[in-house]
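The letters A, B, C and D name the chains in turn, as written, and every chain counts its residues from 1.
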């Protein structure tokens, strides 16, 4: 046990309290829940996200300008209950309806759906976009069964901006769904993390082995084998990404090289270097390049690569100002300045 | 071996290459070194930082608006050689002299001093501020022997802004030295990381033990013992900080709760919650509150707390715009919104 | 026992809650094998809250303790199983009302539960979910009720056996829902945690009913499915 | 051997480089005990580059191979030991020039090195640094040179013994410089990695000189301090 916590049963609650101890000037607790809401939500469609805690900054910190208006955490790796979601949505709903954005997991869907029923019964329109970017979770024919992982960053950001642009609920829903459909991710891990208070890692892998396609809760992936070099791993993952969503030269993409928890920034940069080579070699235009811990699974050692295929409509919202507590505006190097 | 790298001997080089693959629009390599420089440094005192790699975002990413103009990395945990430092400084020096800002380690001092001699011999004035924020490294009487850890963030940021404000070398030096003198940090760790390619952790601790005051390379601390709760650890560390630099109610401070690599953001928020309680209980005014991995030691499990004691002069520069690839402007909650 | 009073229902559900709380480690271990290892934690949280609610103010309708437990699970557990076990106990929002509970009423209640679990979770028998335990249990209750000759305790015992067999059978299935879905054939040989919980729920009800049934045999404590 | 030619110096330093590269693991292990574990890595990097430089173009001054090695270490190693071992080999920027190297010249060279190491590192004898090995080695060279009767090989052998004893003695010191400083008494019992390297450097020079000294005994390979 190496974690700095007080009580395993209080981790989800104290994480939210800590968030408010730092960011309380902008956000406020939703009483009786692990939810937080903007102090001053806009007069617009309310974007509400949430899911199990333990993936910070997902979902707790996916709130702010160009992000959600309120987020509701559950216990570690457990979806929040419907009544908490309802209270969180009500804290920011301003008569224009609610867009739910969350990861496509059974637990989240069950709880958010029940919350949606309750809100709708009270006359509040609700639309839902479930993040399904993890291409390793199901074949392309059943893409709607895929899990949501780090690529949800792109959808969250675009949904937030579309709502801020003043679109109505149907339009915000359509843009967010389009962003989700245009995003692909794949992860890899070489060692699991532990749940606070737990002693056994969420998944175990013999030393020197890695697993591609692994999920954010340690769900098994598509390919387990000996550790590859960073370049080999990045190449294989890029091949999966491009296979699943073919690209043409000149296309515009946004990229996220995401750390799962214990991966060093040096490793992420070494991966990013190779990802960049791959994108350049395919003649893609890198509109934005993100690197960092945007979606974690405790102190799992590994990373994911996410690609958003931009079109003119998505770009309009993507380029709007955005700011969250974990988020730094990305920036891409023009292709010519990047050395091989 | 769980690290995603290509070749242990190429980690430092490829980390810099990856940084430029992502941020090459703003920064450029210093040929023949692991240094990077602003493409367009200002017509002002040049601020140059550096040190061993392996602590990312320190020092590689301490460059940008309100930060250094150029940074020079060494190999993993090894200071860069003098000629690399000279080349890095020359890339951004514009006739107003150079301020070196780096951590107070023997290796860094030896190499930067030799670089300073060479620059001075060429007629370029050089001043040096060595970061000495780690109060656990030496008693207050020998504060100049202390090591530099995460609190260097504050000094770097203020030095960068002071230079951008157009102060001359002596004045930038004086402000940066004052920022360093006004900063205290202390760290704690419960498990060590490994150097890329290495198999043995930089330090080992029996499971269930932690060490307060531990350095960023695993240098031993002041107090080893069984794991404390997050609140207990935060309280003890706050006591060390306040002992070493007493505070009066109403004083203005900036705080950084820094993760050392594998610590989850949830843990950092749980710590931040308690730090905030401590600060509020002492009647301090929290001017800014940072949380995240601002200075790491591979995937070490632990955190540090840094406090900057602001005065009017420091605040002037602290409040100037600042932006780096790892950095998000901090924000403090007004005391009244923070619940106990 | 031909009918249960409100108080009987309350006590029976308290026994269920106690049994589930005591099974925490067993359920976590099952979930670790093919899920994310938290099933026992959620169930403990939910049933601890449910037990408190049951200890609380009196109930005047035999369906209300079920609904209270269900609402409690839904609002405190989170996760997939919060909603699913919630509706398993709650039945449907359009529920019946009665001062006592006959086997037929109990059966209708769980039929509504099953429909609601399937509607929400979209799982069918053979998908390796709690439906694989719930569906045979409900079918067994229906048969007992239709026969007109079986007492509540015996009917619950038969339902519990059916639930247990159904749970055991999940070892032979690959999962189509929940976190085990992506495991494919690697899930074979492992019991579904939610199905296991469901079997424990029915066993605890059967045990309680037998213990409080004049004609019933005293249950053998060794068959208790806790891991305490 | 009373003087070394430029070529002798070049070959001797090549032997030193080879020995240090082969000692990588030994030096890393020593640094792991009381430092950050990288001393052998830096030394290997520096001396690999130095060996390449020495293999390269001819030298026409006996001090130049020393200076080339020193510059090479300074510009390729980084870390504390890059500068310190750099100046140890380089001596001082205001150096002598000579076609051959006498014991007296060699001694003066290392005296300048010692002064420069101490000026830059600010360590003194007893601070648990490479000074603890270098200082007795230089003192020994001075005594041999002053006696006027000792050949280069024997003088280097005596200096190597002095360096080795000095390195051993660091086990009894707490550190006042470098990464071991904060260890306090916990550094007791461990040899300082830089002092160990210094002893290896002098031993490699002594070995080479003896091997190439008409009067010298053939060295016993078993005393080689590598860990290959």
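Rule of thumb we're sticking to: a residue touches a chain if its C-beta (ideal position, glycine included) is under 8 Å from a C-beta of that chain, and two chains touch if they have at least 3 such contacts.
The shown structure was predicted, so the numbers you read here are calculated from the model rather than taken from an experiment.
With respect to subunit A, maximal separation of chain centres occurs for D (centres as means of Cα atoms). Averaged C-alpha coordinates give centres for subunit B and subunit D that are 34 Å from one another. We define each chain's centre as the mean of its Cα atoms; on that basis subunit A and subunit D are separated by 55 Å.
With each centre defined as the average position of its C-alpha atoms, the distance from subunit C to subunit D rounds to 77 Å. Not a single residue in subunit A touches at least two other chains. Counting partners per residue, subunit D has no residue that reaches two or more other chains. Chain contact topology: the protein chains form an open path, each linked only to its neighbours in the line. Shown are all chain pairs that touch, namely A-B, A-C, B-D. Subunit A makes touch with subunit C in their complex at residues 52, 74-84, 105-107, 110-111, 113-114, 136-138, 145, 147, 195, 198, 200, 202, 215, 217-221. Chain contact summary for the complex, subunit D toward subunit B: residues 32, 36-38, 41-42, 45, 74-84, 120-121, 177-179, 181-183, 186. By the touch criterion given at the top, residues 1-7, 11, 14-26, 28-29, 53-54, 56-57, 61, 188, 190-191, 193, 196, 207-208, 227, 229-231, 233, 261-273, 275-277, 289, 291-293, 296, 298-299, 301-303, 323, 325-328, 330-334, 337-339 of subunit A touch subunit B in their complex.
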